[in-house]
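So the structure is just underneath, and the comments pick up after that.
Note that the chains take the letters A, B, C and D in the order they are written out, and that residue 1 is the start of every chain.
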């Protein structure tokens, strides 16, 4: 007996929601970035599961691109963290409000 | 009348002066310089010869109506540059080219040594071209072309001494006042096109009977169509011929050099209005109201201008008002249907008035002032000028046997014989005019040529500096301003005195001197005209054939007058007597009892002031039209509508957005988590929405 | 049954590990828990016949991205990190929204309708091998996006260098 | 395509004319910054070449047809049915020529006046020229919009970089004003695109009929773009600022060509695409035109700044143009087109003239002048001719245009005709007063020793002078371009109604009644 699709979806949703929670609540920017990775992984699980169940490889292609974008995003994000850390000596997002209008 | 093909000499008439203009304006500064008159005079003389040839054709019963080329073509609107040469045109051609030639020659002497010599002659040539185009045109638009063209040249020539503010102002005033008249004229032309579908004279006049009695909705009013068209066209004539209420520009136009005043503001341009009315006589004839308007406007102008003339002291302004007055005579004649008489007076007037102006120019040339209070006794210094001046004055005053007598008499008789109430009214005014004309003309002559020489320019300058109250009545602030303005000497006076090297310090032993022959010979020719030009129109009563009226009859028709020979004799004797009384009174007041004028002006100081200030018409216009318009421009439009309302809205909208965004930017806290929370909230909201909606 | 059992294990592990990642005070711990998490996710991919994706997951995420994270964490001041609160003032709000999202979407799951099956059946993939099938698709139909992805990575690379580079004092 | 005549020259003349300036701009771009003279000569050479290249449009134009000529048509973006579609007819061909002529004069007049960022300046001038020509040639709405908006950029830079002291304000005002209008036009274009079966082809669009209510909406959308460009009252206030602050060449381009695009837009798009709406909106448009004429004229009397005065006179003159166009009869429309040309010539020349004297005195205040006729006689003669043309003296071009417009306007609506005539009186007033204050009277001591125009400046003004008299004396060589096109346009506008000739006949009958 195969695992139903909805289980995978629930799993993906759970991972995504945990990522959201982490992103919204943590003050450390690195953890926030990791939360984003979590969310992306959640999405990937969903994509690959769907790709499997509806027999269409394009879902995996999309996941593939997501991974590529995630890598890019991590690189840029972490570079920003370094720059920020160098200038402000902090990794705490709530201490920075340079963009206040 | 047989039609005839356009000949080369017809075309040359206007285009010779144009050539002269082009040569002088392009080469004048470097090449022709003080030889500019060679091209100018020869071109005008050439066109005079061509005009004679043309007159020959027309006397032979030929009529020419031909287009040179199509000027404007747009849909049904088609108008050409073309010539209509009929008796009326032929008369005008002779008047224009003769006067132009003589005045060109005179100007050689008068403008001698002036820095803008070539410029002056090129403008004169351009003027001649435009005037000839005006009278030769075969459609309304070409008339309009010449009309505006002569206006432009008038602007140039009045403002010839452009360094002088008063001259520049006068030029501008002439142009703009004329534009008011042209406003009506232009609309009249539109109406003609909308009514007849063409602007070609022949086509319009052929169909003119079809509009008799028709009414048209014009700006919400139902008006009689022929009246409307005729009055609109007459607007233009009022402006150009300086009739009330647009007469104000003509006196100021005397800022121009004297040959200009003679050519443009006496002999030719100002008579264009009369020409227009005569040309459009088929339209005017359809409307009783229009005819009466023409007659009354003419008569009123004639009367009021004459009354103003008796108080003025500027020699040229007196003659200018006299011109106004005589133009009024011409309109009066047209208004009672005697177009031929009007044109006849135009023709004789051209000679004697040009002569008056040129002789006045000769005087100014000698004494360097325009103010007759500082002249006097010139008879012995300038015999030729004196002689021609008297001839011109007699002719203008209607002394029997001279040109002016015949034409004026014919007008007065026509007014009397028209037997309408309007005709009677204008007849009385015409008789009054017959009194005033010799009076002010001879007042001028007596003040200028008789008595003792009163010092010329030096005396005037001394008087001006001493602020002497030279005029009996009190000075209003304007009056004082006007004095210095009105008696401003022709600035040319200085130039010529230095240029010709004469010692002209009048009043210090050396009197003024007679002008050179180049100036006096044209005067003599004109004097012959002033005496004899009228002999072509001697009425049958005096044994003549009135050839002039018969010549023009194909164009302007002949009014039916009901009058006996006895009446005609009576009217003639009456008017002559009145004229002689006027002359005699002038002689009495200015030769015998020279203190009388002063006393009279003291006695009737209010009347004198009104007359002297020309009924305050200029002041009235300034107060009601010029100042409000400038105020409207400065205070309302620039300062309020544009700056406050429109710019207020234009700048107000961005400002509002700016204020709003100032409030809105408070939402941007700069804290990353706030944005994240909003995003998450948005996501939840959208998902919830999708679920609820599905 | 076996597969269900495995799935339950993996699913349970993934959820627990995810929670550990987002709740650890020490970033180093988070990174290490995440490493374990990625291996588990790769395992899930294997269940789904996506062995290439599983490989990528391990190589790119575990091998590449996480190492990057680790490096950055090591640059930071961990002592201060350990001494102050790990959550911002929005902790409860964040939790509420995350839960709300979870509940809302899971409610929506019941109405999910799968698309009709495509041509890439499991048999086909097995027959053609997963990598080849994926590669064919990637280099034909998705060649432009693929190239663009490479450009994005290039830009990210340059961008990262530019951002992280120490400014030279002029 | 039976609506067009394919290009009967064996080369793509319109593309040549459009892209030659771009080529010149590229040449300048690769030129060295320090070789300023070469830059100028490249600019001059390119503009002259462009003008020469555009001459066959004048000589080879087939005046017997209203169809588009010299057509080029290539598929550009097939997905959205967008074509690279060029062509001219009797309405647009003269403006192409005016643009190319204007480019030469702009280069000539900037020769010594522009001293900083020379390369960029001439690039901007050449690009503006190219885009302007593109606007007049485009027969694809998308292409048209592209050129229309693209032209703003170099113009914005010309005002904003090389302008007077208050240039930034003026440039931004100019940009925003025109952009707001253009965006509404874009909406209109998209609506038309969707309604006319997904085509941007203007000629195809013209064959369709659109519901009346939609036409009204579209009319106002287009109005927003065109009226701002014209500029009609009351959206005119950008013009004085832009003109005043722009460098001479910028003012000339603005006056001579750019503001013609608005009126051209009405002719090319509003009238034929939205005939019912245009007819319905005639009273509004005539009213606005008359207000613009009188308002613009009176406000001129209150100006103290030379360029500002001429700018406001443009408002008045363009009021005549819109009056003629919305008279919707042959005389009015042909007069309107001719007056657009005239205004380009005359106002362009006036700005050139002001630029010439500004280069010497560095003041634009009228009060700082006086007696120039004594110091600069040749210059004052030129200025006099343009002044006279501006006040519509017969034998100058201004007369022909204004007369036809007033005739048409009078035939369409007597009130409009009569009120517009008052604008002519005031026009004479402010122009002559200006001339008097600047050229007549005593010489202002500050102006002593001014040198008269040099050869370069004379050459720059001479073509305008010739055009003033050419159009004034023999307007048919220009009017003849328009007859069939205007006829066709009016038939389209009046289709289902009364034919044009019949309408004039009706007017005549109405008058006689």
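Quick notes on this structure:
As a working rule, a residue touches a chain if its C-beta (ideal position, glycine included) is under 8 Å from a C-beta of that chain, and two chains touch if they have at least 3 such contacts.
From a predicted model like this one, the values you see are computed outputs, not experimental measurements.
The chains that touch chain C as well as chain D are B. Using the average of C-alpha coordinates as each chain's centre, B ends up farthest from chain A.
Central chain by Cα centroid: D, whose mean Cα position is closest to the mean of all protein Cα atoms. With centres taken as mean Cα positions, chain C sits 6 Å from chain A. Rounded to whole angstrom, the centroid-to-centroid distance between chain A and chain B, based on C-alpha atoms, equals 92 Å.
Centres computed as Cα averages put chain A at a distance of 58 Å from chain D. Annotation: 37 Å between the Cα-based centres of chain B and chain D. Counting partner chains per residue, chain D has no residue touching two or more of them. Counting partners per residue, chain A has 20, 23-24, 93-94 as the residues that reach two or more other chains.
Shared interface positions of chain C, i.e. residues touching 2 or more other chains, are given as 88, 90, 93-94, 97-98, 101, 105.
If you check each pair of chains against the touch rule, the ones that pass are A-B, A-C, B-C, B-D. Touching chain A in their complex are the following residues of chain C: 1, 3-4, 7, 11, 14-15, 18-19, 21-23, 27, 30-31, 34, 37-38, 41, 44-45, 47-50, 52-53, 56-57, 60-61, 64-65, 68-69, 72-73, 75-77, 81, 84-91, 93-95, 97-99, 101-102, 105-106, 109, 112, 114-122, 125, 133-134, 137-138, 142, 145, 149, 152-153, 155-157, 159-164, 166. Residues 1-3, 5-11, 13-28, 30-31, 33-35, 37-38, 41, 44-45, 48-58, 60-61, 63-65, 67-76, 78-83, 85-86, 89, 91-94 of chain A are the ones touching chain C in the complex. Interface of chain B with chain D (complex): residues 25, 29, 69-77, 141, 144-145, 148-149, 152, 155, 159, 162-165, 167-169, 171-172, 175-176, 179-180, 182-183, 186-187, 190-191, 193-197, 210-211, 214-219, 225, 629-630, 632-634, 637-639, 641-642, 646-647, 650, 654. Those residues of chain B that touch chain C in the shared complex are 673, 677, 680-681, 683-684, 687-688, 690-691, 694. Partner chain B is touched in their complex by these residues of chain C: 88, 90, 93-94, 97-98, 100-101, 104-105, 107-108, 111.
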